[in-house]
Each structure stands twice: as structure tokens, then as C-alpha cells.
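Labels run A, B, C, D and E following the written order; every chain starts at residue 1.
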Amino acid sequence: MEITTGWYLVLGALLFVIGGTGLLIRRNPLVMLMCVELMLNGVNLSFVAFARQLGDIGGQTVVFFVLVVAAAEVVVGLGLVVAILRRQPGATADDLSALRG
Amino acid sequence: MVELVWLVPTLPLLGFCLLLVTGRMLGEPRAGWVATAAAAGSFLVTLVVFIGLLGKDSDKGERSYEFILFEWLPAGSLRVEAGFLVDPLSITMALFVTGVGALIHLYSIGYMHGDPKYSKFFLYLNLFLFSMLMLVFGNNLVVTFLGWEGVGACSYFLISFWHQRESAATAGKKAFVTNRVGDWGFMIATFAIWSALGTVTYTEISRSPAMSAATGTAVSLLLFVAAAGKSAQLPLYVWLPDAMEGPTPVSAMVHAATMVTSGVYLLVRMNNVLTDDALLIIAVVGGATALFAALCAVAQHDIKKVLAYSTISQLGYMFLAIGSGAYVAAIFHVITHAFFKALLFLGSGSVIHGMHDEQDMRKMGALRVAMPITAATFIVGWLAIAGVPPFAGFWSKDEILLAAWEQKNIGPLLWAVGLVTALLTAYYMSRQVILVFFGEQRWEEDVHPHESTWTMTTPLCVLAGAAIVGGAINLPLVKDWLILEHFLEPIFHHPHHFSSGTTTKIILAIVSVVAGLIGISVAVLSWLMRRIPTEPLEPEFLENAMYVDATYARVVGGAGTSGFQKTADFDAEIVDGTVNRIGRLVMKLGQLIQPTQSGYMRNYAVGVAVGAVAIVAVLAWGLL
Amino acid sequence: MVDTLVFIVAAAICLTGALGVILARNPVHSALMLVMTLFGIAVLFVAQEAHFLAAVQVIVYAGAIVVLFLFVIMLLGVDRAQNLELSILPIQRWAALVFATGSLILLVGLIMVVNEPVTGAEAMGGAASGDENVRLLARSLFSDYVYAFELTSLLLVIAVIGAVVLARKPKEIQGAVVEELGDN
Amino acid sequence: MGALQLLGFVGPSVNWWALLPQIILLGAALAILLASALAPQRTSTAFATVTTLCSAVTSSIIAIGLWNDVKTEGPSSSIASAFGVDGFSIFFTMLILIGLAATALLSHDYLDREGIDPPEFHALLLCSAAGAIVMASANDLIVMFLGLEALSIGIYVMIAMHHRRSEARESAIKYFVLGAFSSAFLLYGIALTYGATGSTNLVHVRDYLDAVVFRDQHLLMAAMALLLVGLSFKVAAVPFHFWAPDVYQGAPSPVTGWMASIAKAAGFAALLRIFFAAFASHDVDWAPIVGVLAVITLVIGAVMAILQTDVKRMLAFSSVSHAGYVLVAVHAASADGTSAALFYLFTYTIMVLGTFAVVGAMGTDDEHPLSRYAGLGRSRPVLALGFTVLLFAQAGIPVTSGFIAKFQVIAAAVNNESYFIAGAAMMTAVIGAFMYLRIVMVMYVTDEEEERTSRTWHWTTSTVVIAAVGFTILAGVVPQFLIEFAEDAVPILIRG
Amino acid sequence: MIQLVAAQSASSFPVLNALIIVPIVGALIVVLLPNSRPELMRPVGAIFASIAGALSLYVMAQFSIHEAGFQFQSVQSWIPNLGINWHVGVDGISLWLVVLTGLITPIVLIAVDPHHDPKPYTAWLLLLQAGSFGAFLALDLFLFFVMFEIVLVPMYMLIGGWGYDDRRYAATKFFLYTMAGSALMLVAIVSVATLSAGNQDITFNVVELAQRQALSTNTARLCFLAFALAFVIKVPIIPVHTWLPDAHTQAPTAGSVVLAAVMLKLGTYGLLRFGLYLFPEASVWAAPTLATLGVIGVIYGAIVATMQKDLKRLVAYSSIAHMGFIVLGIFAFTTQSLEGGVLQMINHGLSTGALFLMVGMLYERRKTRAIEELSGIQSAAPVFAGFFTVVMLSSIGVPGLNGFVGEFLVLIGSYETRRWWTVIAATGVILAALYLLWAYQRVFHGEPTPEDEQTPDLTLKEGLVLTPFIVGIVFLGLYPKPLLERIEPAVDDLIAHLEHHSDYVQPDIGAPVVVDENHGSEDDH
């Protein structure tokens, strides 16, 4: 069986969808952040696959930037989670729903 | 001299303006004299104009003058001018309007003595006179309509003059609104005439070719609706009995002598557009009104109510005449009726005045002693209306009966109706005279009837004189004596000529006189000599005017009001409710989707996720 | 053949890890599962001749980011599953199902349908062949993507400020928090 | 450079002038941070505010110079086509700088009052502004993505800086999680675009799409769809808007103003650049979707707005509705539509800044109930009138810029023969007007006992309100200058 | 044919611009007056409103009578990129509305005491005047729309700020209802301008667009409907009238007067200027429906008015009935009906304006508008009752007063083309008498209660304020010619325009000689 680019893309898509689904079903903000990471990794895989297919290094470069973005997001996101959980220990995503309507 | 016609309405108008500004300053009785002077001046000028007109040659068609003051409503091809038309018909009307009017003004000086709104009364009277003269002298339908509505408005003011009384206020409103129904007909008729003939000016209408039969009949009937409103014909008469709430001079002037006859004037003025079909209907309605009102008058107790129904009945006569084509007879009766009915009303006013505002005839009797002049003049009026020769009423009524007899389709029937009416008229007027002036004294002890002042009795005497000799203007005995007929002739396209032979005329006259005498006799027997029991003569059915008014009131007050209320509720609940409901619907829609704003970020993420899926589905896969 | 085997193994690792992340009750397990996925992806990067990225993936992601996660988990003491996953919002499960199946069908179907997924023009940033990967990447980074590269500094500045600002304990509420913690 | 040159490397040419605004902002941010680190006691709010203002003004002057350059020499792009120096980007740069200055002024009073550290706040604001400029100017999708992240992450932190309020933290985490979620979609869209066209550079994308006829477009369409999702989230279009009311409500008022104005403007800038410029050849595909989004955004925004009792939430939903208007303009997919969108965004930004200036000054409490505005018409007539003008402007009443903006949007829709959408837009304006009228009513029509003394107003707030009102009326009465500005910005979107 | 070339105005002074600007300047000056001198506000405002009024009279005096086209035109480039100009002009149709606006506002300012906050009150009224001028003078669709919408704001503020108990609801309803109506009009305005452009420049010039007539039949009809919706709500016509009673009832006296006298006319004026003129074919197509609605309005408004318990509400519903006549006149398309319609706009402004003023005066005295609570006022205040009577009779349509003239012309003109509509509409005169007289009877007649006894009569100032109305009512009733001869050329042109662009032909009525003369010239185009 030839492993074509398509397989990589499918795998990327699966990771993206799993990440997205996880974000929808999990209440732990930390796990939700991890799910976002999963989604980003799915995209990264697609980028690399496309880059390979195209024979273009640009796709890989982009992945590099995505890594940076992911890192920045995680830093800030974890900061937020820390700030919140420090004041509301054990709070889940669903507990943060005072604003509504 | 004819050119002075503008002065005729202007004098009362000036009087009105003067009283409007200085009325309260002038006070009693100067305000009354100012108004009377204006009315009398107007009469004198009318006389001058009349003499001037007489100086013109009738055969050359010179007795028709138009004076255009200014363009009133110029709009496209519609040119309505404010102008006067002086011709035999208008001057005839104007003469008795100003004449009787002036007398009633004079009478009111005494009658209104002590009223807090003394000057205002004369202000209204002058305004009324002005409007009436505009009605009469207008050279086109629209100016006439100006006067027409003007008199209506004045009638409203005057009826509800004592507006603190609920009944007076209601009566005034009723008169105006009922008149408006007639006005509706007037307006539509005007539109139709303009549409068909392209003009609203009388002289041009009379020169125009005939309208198509349908239009002509429609116009005629619409004009008759107008006339029925103003002149209290079935079924629009209901306002007139109630109008007696106004001061008695008003009843005399507005609701007997002048205003109510303007319907007759209008139809006579428009004689050349009236079609035969329409005339028949007019005659039938006129006859029916005459009979109906006479029947109602039989059982009234209020001295003025009797006269009111009598007026309606006499107006019915006039329309009977018009319907029979006898326009001159109608005008003739208008004039004589103006004399004797004004006389009767003023007399009744004198009685009411003397009896301290008592109007119920059952509480009168034997007043001839206390009020001799009033009694004498009233009796003259009675004889005139009862058709006793040679009083004025006899001549005009006789002519109408003759005209009815000669009506082409149902002449004898109309004549019979007229005859019965004449009999009834004689009866109920006799009953009134007996109840008021003869028999035993039935008034309360503390009432001290007295004769009125000279300002009130003078007009009575003058009018009594006119009621005696008024018939002279159109005596049928000799051809040359038909002054009125000759005078009015130019205004008719097809002058009416009696076809009956002299014998028929005389027989008919005798029959009518006999009828009158029978009526008087029955009254005398029952009311004076008490030979006939009186109770059956006053059936409740007639006393309540056959419940017509009550039925109207029930319909208007019941179904009408509730219908109006339902419409108003519909407006508030359905129409406006829908607006508010739409607003609430939007709110509801919002509340429906508000739960999506649940506050849970994961729910919000569903929005993003599902939205993404949907957009991808649509865009990339063309799914929808 | 080896390629296929590598792909299948790596893909299995990735998917297992990914499912583990979202299904593990304990956040610590989730984090470890994430490492597994990231590792699998690094392998696939190698398979796609993105050697440098593979290295970065392991070092930055597995080495730094996941450690950060674990650190926070331990710091906050939320490593107990029962605290966090008691219930799920109504409709949320169904919505997730809709999303998952819908997007899977759409995306996977998309890739299946598109026979030749990449239709792009000639390479813009230079070929991405084997040995030269790092050099090419560097060249690309400092030529075509230099602006983006510089912008990462902006992002990192923000992240630094953010971390400082958010982690700093505000004076006025410290006491209250201590009390709250004390209750637990 | 020397070492690189040895490797045969030639770096791309850099138009430093064009970069200067961002560099100044970033420099100012670092200067503030540095100052606060070195002399924490001496670094006052005033220092941060003044520095921010100065950088905004300086950058604006440079932007004006750039505008003239572009007008005379035509647009260009810099740094390997990653950064567009064109009318469009300078238009947004100026807008963002105006927003920056206004937000700095509004924060001045607010931060002191609420006990927020001014240096970090202003540094983040400056970075966020730089990110917005990058986003609006980016000619490359990945650059745009980085700009978006800079803008967003800055905002996450700025929201969360309001330590005392749990609402602030809640809204920060909500915005963060959802923002990260949606940016994953955006990124996936970028990946698919890359796969479909071989590049992330918009110039290449456009040229490629112009030149090539696809055998099948699924990949490209999916890419567009996902890009649309990501950016719709940023501009708060339905159904990606759910975060907006909660976040607007919870965030500090100046940040809310910044989000509602600049974040939205930058989002639309990216949207317009990507769709109108790069995907112009496929407008038959994306325009209908944008149209549908526009209509539901208009309707939901307006309908939800009238239900709210909290002024900030009202304005949040109104902001959603306004996004719908801009989407109507985007939907037109024409030069008219784009310039209408630019005009709309410019005027809306200024209105909304003025509006949140009032809101920010009106209260420090956690909620902004309508009743707080009761009697403002009597106690502060001038500012109440100003607020009224701003609200009427948002409702699209004539003689304000809001009307002209709405008119142009409608005109663009009509030119595109989208009569239904134009009608729907106008009808939702009526629904929305109810909400604005409610606020106005409360200010002017009060029973005596409802009246209360209002707090004193800092001059910075008043300055912003008055400037915003002045501009709103000016652009409503003589809009020609702004229309020309917007039109000049359009035809020179991308140049390779 | 409509004259494209405008008549050279008598002077080069842009008087129409001044008309719009003077009140705005006045409003600004009032705003700048010190708050410590509340007594200055209304006089200063009245001075500016009067200057504008005087300017409107100047326009009237300088108006050249037999010109059909627009006079005193002034065109300034405004938003050239969108083809929008500041373009104002006046013709026989708008002239009198401008004069009415010019005269009513100062009177209202002088007459009605707001009781509180005189500054904003004065300023809003002045802005209302400016906006109304603008709407009547605008010859650019965009400018018109701006003015049409902007007048909502001052009126909204007046109702909300100085109205009665239920003012919030009424003001909001007023604003939203009218705004909803005009929402689609904006779309239609843009559509007309865009679709008419073809390969020419886009323009919003009304005259130019009317000449182009470039829309297809269906498009024109749709656009007409959008325009008509806005105007029909403004007029208002059944069934979209319910904002009016609420707005009138809750508005302060000044608001009610201006609303009735000026703002409602925006609807009928709009139908004439932007309905018939821009969409002749569509107007003819829609005429039966609109005329029917107008007639329904006449009857329905009167019936509902009869049952009202609040005097102001009653007058408001009478307004609906009266406006129905105007709509009938407009959609009967004859010289007389259109002239009558235009004249009736003025008449209605005078009589209903005066009625609202007087109801306001009554309210000032008795603090109630409920018909039930009033009785026998005539005994206590005879002069007041007298003034009221005159105005009432004018409203009823008694000849010799202005109300008749308009109604009569409308009806006689409509009879030719809409016979049965006219016959039914004419019954409205009966109902008008019914509800007004009944109300009059209940309020003014009867025995006064002790409170009613105390009702003071008209003061000198109030009398002076009402006098212009009475003079107008009587003068127009007796000598409307000066108005008619200025209205006629414009109306005739409009009909010629209608005939030219649709299959409608005005029936020949009236003196055959006159009609024949016209025929020759009409065949030319």
C-alpha cells in the first residue's frame, strides 16, 4: 500500500476533529487547552504533508510559526487558568457561566 | 337699483360683525335693536331691489341679473364664483325672508328680555339671516350650499342656545347631523351636475341641454335628499320636532318660515333638471310626509310640538306641489305658510312667555282673556292654516290640491291624501286654539298670564294682516290676478298650467273647504263642547309620532353605537393590537433564542463547531 | 513498505494518544497521552522529511509545553478526576457527536474525493529535500518568512507580559484566597 | 548579514518606512515596560498614557506620509510580499491608531480607578494594536494569523488584568478558549488554502486562482469556509458570536471598546483582504454564504439586543448587528461594497469608542443596568446629548455618520441586486433602533425619584466623547472626505 | 411636460437654504444661551422661527404665479461620489406647506409653555422646523430621506421629554413605526437611482429621475410600493395608523400641533412628489387600492373618533379621517382633486393645529383631557368656546371656512374618476359632524360642574395666538384663489406627467371651450 499525502491529511483531519470534539465534551479547562493543541497538531501535520507534496519548504516554515503561536497561547492560557483556579479552586469550564442571557 | 343686492346679505353680516365685537358692550336692548335694524334695512334694500327688478321687462328676459363678486374656487375647468343671482324667484324668497325675519327680530327684543346671552342671540339671528340670503341669492349651487350649511350651523347654534339643558344641546346636534345627511345629497348632486353639465351656475344649468335620464333622475333624487334633510321630509324629519328646544322666535323664523323652506326653494330653482320619475317620488314622499305629520300633530300636548308637526306637514304639501309640477303653488304656499306659521309660532311664543315658559297645552285654556292680541292674531293664523277662505292658506293649499289632482299617474290618490291632511290640519289646529285660548282655565294658581310687550305684539299684528291678505298675491279667480305666477314664470322651463276646467276647480275648492270645516267641527265638538270623548283622539301611538323617532334612537343608540364601539374596539385591539403583537413577537423570538446565550463556553463552542460544519457543508459540498 | 508500516504505527500512536487525551478522566493522563500524540506526529514529520520540525516538535512541545501543562496541573492540584468530569451539559454530547461525525465525513470525504489533494503551483519557498532541510528551512525563515519570524517576537513579548501579569498575585485578594484554600 | 551572504543568501528588501508605525508601537511598549521595570515607583499612569499617545500620533504622521506615497507612487508590498503598503492597509493603520489613542485616553482614568497596573496594560495595548495593524496589512495568511494572535492574546490578558472581578476572568477564559478554538479552524483553513494553491501568500493565491481552472474545487472551498469561520468569529458574526455579549460585559469598558472597534475592524480588514482581494475570482461561491451570515447576524443581533437589560450587553448585541451590516457590504463583493465596509468600519469604530467611553465612565460596578443612566439628560446634559448622538448614529439616523454608512451599505447591496438583504438590513435597523431608543428614553424620560447624581467625569473621557460625537456629526453632514478616503483605499488592495 | 429649466428666482439670494439654516442657527444659539436665563429661551427661539417664517412669506411673495416648475432652486454639490447634491426648490405644491411650516412653529413657540427645560424644548422645535422645511424643499431623494428621517428625532424628543404619562410608549412607537415605514423606502431610493442610471451618471435628482422613467414596469411598481409604505404610515392611512393617536395624545401641545399641521403632510406630500411624480405608471396602477384605503380612512377614522373618550385622541382620529380625503384626492388624478388635496393639507394644518392648541389650553386649565370630566365649558369660557366652535366648524367642513374648500375640491374632482369612492367618502362629512358635535356637546354644553365653572376664559395672549388660525380659516374659506392659482400650474404639470407616462387620461370636465384649448397643447408631446 502506497502511503500517499492523502493519508497524512486524513490523519491530520482526524486529529483536528478529535481535538475539536474533546473541547466540546471536556469541562476541565486544562484538558480543553490540550484539545486545542491536538487541533493545531492536526493542522501542522497537514501543512507538512502539503509541503512535502508540493516540494515547498514554506509549509514547514509555517509549522514553525504555529509552534510559536501554540506556545504563546499555552503560556497565556495556562496563566489564565492559574489565575482563575487560584481564586475558584476546582472550577470547571461550566462553572464559569455567570455571564449569560 | 338691482345692483344694490350685495347690500342685502351684507347688512345682516355687518350686524353680525358689530355684535360679535361689541355685543356684550351694547347689551340689552341695544344689541337687539342693532340686529333688528340690520334685518329691517336688509328688507328695505330688498324692496328697493325688487322695485328695480319690476322696472325691467319680463318678456325680454331682463329680469335675471348676476353679480359676480369674486372668483371663489377656481380649479381647472371648475370655476365657482361668489356671485348673486337676482331673478324673480330669489327676490320673492328674499322679500319674505327679510320681511318675516325683520319682524321676528323685532319680536325677539321682547321675547329674549333678560336672557344672559341676549346679544349673542341676535348675533346668531343676524348670521342666520345672512346665511339664508346667501342661500337664496347665490348664483350657483356652491354659494347656495354655503348658505345652506350656514343656516344649518345657525340653526344648530340657535336650537342649542340654552345649551345647559341637555335636551337642547342634543336637539341642536341632532338637527345638524340630520341636515348633514341631506347635505351629502346636495354635494353629490352638485358633483353630478358639474360632471354632466360642466357648470354649477344656475343660469348655465338652465341653459344646458338635459342630462341623460338616469343621471337626471339621480341628480333629482339627490337634490330631494338634500331638500328632505333641510325641509324635514320623511324620513329625515326627525330633527324638526326636537328643534323646538330653541327659543320660540327661532322656531318661528328658522324652523317654520325660512330655513325649512329652502329645500323647496332648491328644487324650484333646479326645476329644469328634475325628471318625471323623480317628481313622482317627490310627490309621494311629500304627500306621505304631509299626512304622517298631520297625524302626529293630532296627539301632541306641547304647544310648539303641534306647530312643529304642522310645519312638517305643510312642508309635505309643498313637496307634493313640486312633485305635481306646480312649482308656483309650492312657492306660493311657502310664502303664505311663512306668514301664518310664523304668526302661529310667535303667538305660541307669546303664550309661553305669558305663561312663564309653560308649553303644555293641558295646563292652559281660556287665555283669550288674558292675552287678547295674541289670541286674536293666533286665531287668524288658525283660520289661515285650516284653509278657511279667504285667508291666505286657503288659496295656496287649494292650488296644491288642484295640482295634486292633476298629477298624471296617481293624481286622485295624492289629492285624497292632501284632502285628508287638510281635514286633519283643521282639526288639530282647532284643537290647539281651543285648548289654549278657550275652555276652562287649567293653569296653576301662581301663574299670572299677561299680554306681551309691544315689540312682540306688533309683529303678531303685521303677520296676522299678511295671513289674511297674503293670498292676494296669487288669486286664481282671474287670470291677471295670478301675480306670483306671472312674476315667476321666467324661471321655469316648462311653466305649469292647470288643465282642469273652472268647474272642477270650484268643486275641488268646495270639497277642501268642507273638509276643513269638518275638521274644525270635530274639534269643537270634542274639545270645546266635550261631546266626543277625547281620549281615543289622542292615541299614544300618535302622541309618540308613530315611534319613528324612538326607533331611530334605538337604532342609533343601540346597534349604531355598539357598532361604532365595536369598530373602536377593533381598532384598539385588532389593528393596534397587531402592531403591539408584532413587537411582542420579536421579543418572543428573542426569548426563544435567548437560551443559546447560556453562559457555558462549551455551548458557545458548539456554535462555532456546528457553524463551521454547516459552512463547509454548504461551500465545499454544495449541501444545504 | 517500511513507509507504510511507519505510518500505520505512528498514526495508531497519534490516534490512541488523541483519544486518550479526550477520554482520560485524569488530566495528568491526558497530558501524558498528549505527549504520545506529539511523539507520533514527530515520527510522521520524519517520515515526511521534516527533520528539523520533528526535533522541534519533541523539544518544544513534548519537552516544554506538556511539561508546562503538567506543572500547572500539579501546581493547582487538580489531578483528581472526580472533581472535574462529573456531568456534561445537556445537548453537549449530541452536539459533539454531530460535530465529530459531520466534520469527519466532510473533511475525510473531502480528502478522499480530491484525488490529487495538492494542486498548487511550483514550489514557492524552494524544495524541501532531505539533507538540506534545516538549511532550506532557515533560508525560508529568513527570506520569505522573515516578517513572520520577526512577528513571533511580538507574540512572545505579549506572552511574557501576559504570564507576568496573570501569574502575579494581586495584593488585595491574597488574603481571601488563602482563606478559601484553607477551607479546602 | 555578512554571514548569510556567504551562504549565497539575499534577504528580501524591506520598506522600513512602512514598518515604522509598528516598530514605534512596539518600541513604545518596550519603553513602558522598561521604565516600569527600572523605576516602578515613578512610572505613573500618565507616563504610560502619554507614551502611548505619542507613539500613536507619531505613527499616524508616518501613516499619513505613507498614504501620500501610495497615492503618488502606487501601492507596493514589502518583505517578500508579506506586508502590503497600500491604501487599504494605511486606512486601517490610521483607524487602529485612532482607536489606540482613544483607548489610551479612556484607560487613563479607568485604570487608576480600578487599580490595574498601567504599564503592562498600555504595553499590551500597544502590542495588540501592532498586531491589529499587522492583521490588516498582511499579504500573507500566516502573517495575518500571527497578527491576529498578537491582537487576541493581548486582549485576553488585558481583560484578565481586572483582577478583582470574577466576571473579567470569566470573560477572559471564555474569549481565550473560544478564540483558540476558532483560530484552529482559521489555521486549518490556511493549511487547506496552502494545499489548494501552493502558497499562503495572498498575491500568489490570487494570481494562481486567476490563472488556473480547477478540476474540482472542494479543497479550495473548504479552505474558504474555514477561513470564513475563523474570521467570522473575530468579527462576532452569528453563529460565532456567542462569546461577544459575555466577553463585552465582563471586560473592562476600555477593553470592550477596543474589542468592539479595533478587533472587529482588524477582523474585517483581514476578511476583506482575503475574500475580496484574494478570492475575488470565486465570489459567486462565497458571497451567498456571507449574505446568509449577514442576514442572520443582523436579525439575531437586533432581536437579542432588545431583550437585554445591561447596557454593555445591549451594545454587545448591537455590535453583532453592526457586524451584519459590514457583512452585507462584504457580500456585495464589489469595490462599492468594500469602500462601504471601510466607511462603515471607520465611522462605527469612532462611534463605538465614544459609546464605551460613556459606558466606562458611567460605572465601576459589575453590572451596567439601564437604570444607571436615568436622569443623565438632566444631570449631565452635554454628555447625555453626546451619548444620544452616538446611539442615534448607531441606529442609523441621518445627520450622523451612521446613516451615511448604512446608506452606502444599502447602496452596495442594491447595486449587487441583493434587494432582500438590503431590505432585511433596514428592517433589522428598526428592531435595533428600539434598543437605542430605550437607552435614550431612560436618560431623558425619568420620574423624579429615579434621578441620581452621576459621578464626575475625567477630562480624558470627555475629550474622547466630544471628539467622537464631533466626528460622527461631521462625517454625517459632510461625509465626502471620508467617502473619498474609503474609496481611495479600495482599488489598490494587493500588489505583488 | 414638467419644466426642466427652473424659473430664475427673483433674487440670487439662496432663500431656501436660508430657510433651513436659520432655525438651525437659532437652535444652536438657544443651546448656547446661559442656563440661568430660562426666560430667554422661548423668545429667542421664537425670533428665529419668525425669521424663518418671514422668509417663507418672502418666498411666497416672490413666487411667480403661473410657473409650473421649481423656483428658487439652489444646487450645491454635497457627496459627489454618490451623485448626491444639496438640491432644494419650491413649486406650487410645496410652497404652501413651507409657508405653513414657517408660520406654525413661531406660533407654537410663543403659545405653548413647556413648563420645564425650555432650552432643549426650544431647540428641538427649531430643529423640527428646519427638518420640515428641508423635507418639503428637497429635490434630491437622498436629501429628502435625510430630512424625512431626521424630523423624527426632535419629535421623539418632544414627546418623550414633555409629553404626558404614557409618553415613553408613544414616543417609541412613533419613532419605530415611522422608521419601519421608511426603511424600505431607503432601499427603493437607492434602487431607483441605481437602476435609472443606465449608462448615465447616477443621480438622486428628483426631476431628473422623473424625466428618465427608466425602470421597468414591475420594478417601478415595487419601488413605488416601498415609497408608498413610508408615506402611508406617515399620513397615516388605515390600517397603519395606530401610532398617531398615541403620539398625538401623549405629545405635548406643541408636538401635537406640529405633528398634525406639518409632519403628517410629509406623507401626503411625499405621495405627490415622490409617488405620482417619480412613478406615474405605478401610481395609476395602485390608485384604486390607495384611494380605497383613503376612503376607508375617512369613514373608519370618523367612526373610531366618535367613540373616543380622550379629547386629544378624538382629534387625532379626526386627523386620520381628514387625511383620508387628501389621499383620495391625490389618487383621483384630476386637477380639482389634486388642488383640493394640496389645499386640504394646508386646511388640515390650520384647523387641526388650532384644535390641538385649544385642547392643550383646556388641559392647562383643567389638567384633564377626558371628555367625561368636562362639561359646560361654554358657560364658563364663552370666548374660548367661540373660537373652538369656529375651528370645529372648519373641521366639519362648513362652507365659508377653509375645511370645506379643500374637501369640496377633492370630492368634486374625484367624482369624475372615482365616482363611488366619492359617494362613500362624502358620507364622511356626516360623521365628522357627528363626532365633533357630540364631543362639543359633552365638553362645552350642559350644566357646568363647580370645577368647570372656574375654568378661566381665553387670555388675551391666547386669543392673539389663535387669531392667525381663525383668520386663516376664514380667509381660506372665502378666498382660496391666491393659493389655488399657485397650486394649479404645478398640479396640471403633474397630471400631464401622469398622462404622458401612463395610459391615464384625465376626463374632460367642465366647460367644453376650455377643454378644447388644452387639447391642442397636450397632443404636442
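Here is the rule we go by: a contact is a pair of C-beta atoms (placed from the backbone, for glycine too) under 8 Å apart; a residue touches a chain by one contact, two chains touch by 3 or more.
Here the structure is a predicted model, which is why all the values come from computation and not from measurement.
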{"item": "Chain hops separating chain D from chain B, counting only touching neighbours", "value": "1"}
{"item": "Set of chains adjacent to chain B and to chain C", "value": "A, D"}
{"item": "Chain pair with the most C-beta contacts", "value": "A-C"}
{"item": "Most distant chain from chain A, judged by the mean position of its C-alpha atoms", "value": "B"}
{"item": "Chain whose average C-alpha position is farthest from chain D's own", "value": "B"}
{"item": "Chain nearest the overall C-alpha centroid of the shown protein atoms", "value": "E"}
{"item": "For chain A paired with chain D, centre-to-centre distance based on mean C-alpha positions, whole Å", "value": "26"}
{"item": "Rounded Å distance between chain B and chain E, as computed from the means of their C-alpha atoms", "value": "37"}
{"item": "Interchain centroid distance [CA atoms averaged], chain A/chain E, Å", "value": "65"}
{"item": "Separation of chain C from chain D, taking each centre as the mean of its C-alpha atoms, in whole Å", "value": "29"}
{"item": "Contacts with 2+ other chains: residues of chain D", "value": "142, 146, 149, 153, 156-157, 160, 163, 173-174, 177, 181, 194-195, 198-199, 218-219, 222, 245-246, 307, 434"}
{"item": "Set of chain A residues in contact with two or more other chains", "value": "9, 16, 19-20, 23-25, 27, 33, 50, 53-54, 56, 58-59, 62, 65, 69, 72, 76, 79-81, 83, 87, 93-94, 96-101"}
{"item": "Touching pairs - complete list by chain label", "value": "A-B, A-C, A-D, B-C, B-D, B-E, C-D, D-E"}
{"item": "Chain C-touching residues of chain B, taken from the complex the two chains share", "value": "600, 602-603, 606, 609-610, 612-613, 616-617, 620-621"}
{"item": "Footprint of chain E on chain B - complex, ascending", "value": "70-79, 82, 120, 142, 145-146, 148-150, 152-153, 156-157, 160, 163-164, 166, 168-170, 172-173, 176-177, 180-181, 183-184, 187-188, 190-192, 194-195, 198-199, 564-565, 567-568, 571, 575-576, 578-579"}
{"item": "Interface residues, chain D side, partner chain E - complex", "value": "377-378, 381, 392, 397-399, 403-404, 407-408, 410-411, 414-415, 419, 422-423, 426-427, 429-430, 433-434, 437-438, 440-441, 444-445, 478-480, 483-484, 487"}
{"item": "Chain A-facing residues of chain D, complex", "value": "142, 145-146, 149, 153, 156-157, 160, 163, 166-167, 169-174, 176-177, 180-181, 183-184, 187-188, 190-192, 194-195, 198-200, 245-247, 249-250, 307-308, 313"}
{"item": "Contacting residues of chain B [partner chain A, same complex]", "value": "594, 597-602, 605-606, 609"}
